[in-house]
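Before I ask anything, here is the structure I am working with.
All chains are identified by letter, namely A, B, C, D, E, F, G, H, I and J, in their written order; residue positions are counted from 1 within each chain.
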């Protein structure tokens, strides 16, 4: 089952550069793992914004919440989740590269 | 280059059922063609709403506008386009099934 | 899996009273059936508004969309769906009478 | 009488982990007690957000406000309360598990 | 128990003047009766708008919804209800002339 | 002449408890005085929110602004004022207990 | 006492040109009269919009509402009124040509 | 040429009283000078809010921006500017006392 | 002096195709003329929307309003005008091809 | 391909003046370079606001995001990007001085 998530990050402008780099590295590791597990099907940068749209594929709301809450940057994120269904005009529910 | 589009359709509730069916059939044909040409990478129904999120892949704003304006239901749609860039945490820019 | 839905109905004020009564009767039959099947766990009127909040329990977005789209008043409804997860402070995921 | 409440929590990202854990523990104890007393009929996590929807059953606005104001995290919460009435299509005013 | 209601009326500009006059007369009779029964404690015009703020005093959400739904202009109204509690700085919960 | 005011208070969560208690005590004294002078006809708590709706009766905008600006918590308040007129359906302009 | 009003007009695009011209002529006559009586101190067009900002000077909310409700275009207007007080930095409460 | 400006000030609640008094004094001097030069035709307090509406008369956007940016409180202000044109129903473009 | 305008067009979906074509042709002629006179410096389509952003260069609000009000589609447009000043980081106030 | 960007800057009011001057100088150098490279076609100040509208010309979303993210003030900016297409009424896609 797919979900579209939009995440807007607000990091304090005076965050220590090393702390920030560490956060970003852990966030990347975590997102890569979600993609390798097939949980996160895609993630894109919103042009010009410290934000992303991403596609999650999970069969359970509790697992989805855990996946999102586990994001190392979660405390700095505003997340908005939209449940997606198959569209009658879609060739495929899943995504194509 | 990818774009996320959200389309909200507002058809008049008293639309003649045959006219409506014709619109929907032509819309489907058109969307299938966009998908077959690789212009529309995905389209999903927003659960509970007469709306979709879709992913477009085109290198030119004029072509994207033409693709959208050509939708048979265009006069009934509110379309909102968000340009997407590669995310530093993404394994791939493109989508995976 | 639970979803909270808010539905706002906008019926044309000059709707023929018999047509309206027929819509409302079919809507009631349909909602009662959803409740008897355990798909709709609850439905409440928002005080003073032609709107409801309801709780749906389904394991699939496509089925949820079908359930909502099947509402006889669907063409007159603005529906907003929020996916719900278990709360760490909840004694129970399900509702108690 | 039922009320739907939505609560959005905004804890400072740099909150001391022990202080935070203490807040969360006290909040849990308090919510469990509200549920055991039958005042809070349900509480769900909004997927991906530090927020909940909950159902309160009380016959008095002053008691409801006291119940909400007593939440250990109240100073960090944005609460929005919607009064609910019986819906003509509902099999039952109360909730079913 | 008190509730603040804001009602915004949108009558079609081309409504037949006699029909409109009849609506307004029935609305007035109804509101006067609500006031005489002590259900509507006050009603004020929002200056410059076809809107009112009013104060309702009822112990039950179902009765409040019935009172509002019974308004002859209900089909043309957008109603928003806010539950009110006693304020710690108030000399009196009730209103004073 | 009546005005409806909505005030939303945002006190810093880490405000010293004694300082806060002092603010609240002075705010209460001030509000009681406004009520005794007949300037503030009513004040109610918005259930679940650190907010109030209140009714002011003054014949002059400058006096109303002074009354509001004099609130000990003014620096922490977002105030929104709505001018009220007599409603054609009202039995009385003034409020009834 | 001064009030700032913003009025947004929405005339049906298919309004009969003569009917429209008659409305506009009566609206002008009425506004000129309000200005000559000193009730409307100023009226300006919002550039590019079918809207105006105007300044009213009246000591009573009921009179202000009557003045606004008497506008021949009232049924087509969305009016928003803001009460104004003397500003501590103003040389004068009143306006200067 | 006239412009309507709305300015909302947000001063930190813990601003040192002397620093604040100094800001306010310089702001007043500056506003008085703008009025004496005929650049600011009027300034009013929005009742109950730390905000003003003011009328500027300048023939050049760069000069208007300089006038606004020169406000001693500019760093604490949210300013919104609306260009105004002569209204067909106005007796006069300029303001009358 | 430059102004940014955003125009959103809402034509009735059932507009007669010939009437619509005539409107569009007259709108084009008018816009071309504004560009040839140097009044409209640029006009762009918002991708996917029946909307444009355009740049106007005029020294007078009354002339700007006349230019906008003269648009053949004006009755179907929502126009929002933003006054622009020279930016300190701009090489040039004017636009470069 | 053109994009319209609106950027709203929020610098902390207590930013050290030298640090601020350094930020502004580096921002200017960077913007001038973008203009000299033909990437930024125009930048204008929104009158009265610490904001700009600017026009970007780039054929790739990743390059656009890099250009924006490279702004020395990026951490203090809220950026909103709108993709632009050729308008059927435009004499030219590009801008004219």
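Assume contacts are C-beta pairs under 8 Å (C-beta built on N, C-alpha and C of every residue); 3 or more make two chains touch, one makes a residue touch a chain.
This is a predicted model, so every value here is computed, not measured.
Engineer: Looking at A-B and A-D, which pair shares more C-beta contacts?
Structural biologist: Higher contact count goes to A-B.
Engineer: Could you figure out which pair among B-J, B-I or G-H mirrors the F-H interface, over half of its contact pairs being identical by residue number?
Structural biologist: B-I
Engineer: Where the centres are mean C-alpha positions, what is the separation of chain C from chain G, in Å?
Structural biologist: Chain C and chain G have C-alpha centres separated by 44 Å.
Engineer: With chain centres taken as the means of their Cα atoms, state the distance from chain H to chain I in Å.
Structural biologist: Those two chain centres are 29 Å apart.
Engineer: Can you work out the whole-Å distance between the CA centroids of chain E and chain F?
Structural biologist: 22
Engineer: Name the residues of chain A that each touch 2 or more other chains.
Structural biologist: 2-3, 45, 47, 61, 64-65, 81, 83-86
Engineer: Would you mind writing out the residues of chain H in touch with chain G in their complex?
Structural biologist: On the chain H side, the touching residues are 2, 4, 24, 27-28, 31-32, 35-36, 41-47, 52-53, 55, 82-97.
Engineer: Give the list of chain D residues in touch with chain A in this complex.
Structural biologist: So the residues of chain D touching chain A come out as 11, 13, 45, 47-49.
Engineer: Help me check something: in the complex, which residues belonging to chain D touch chain F?
Structural biologist: Contact set of chain D toward chain F: 3, 5, 12, 61, 64-65, 68, 75-76, 78-81.
Engineer: Under the stated contact criterion, what part of chain C meets chain A in this complex?
Structural biologist: Within the complex, chain C touches chain A at residues 1-3, 59-62, 64-65, 81, 83-86.
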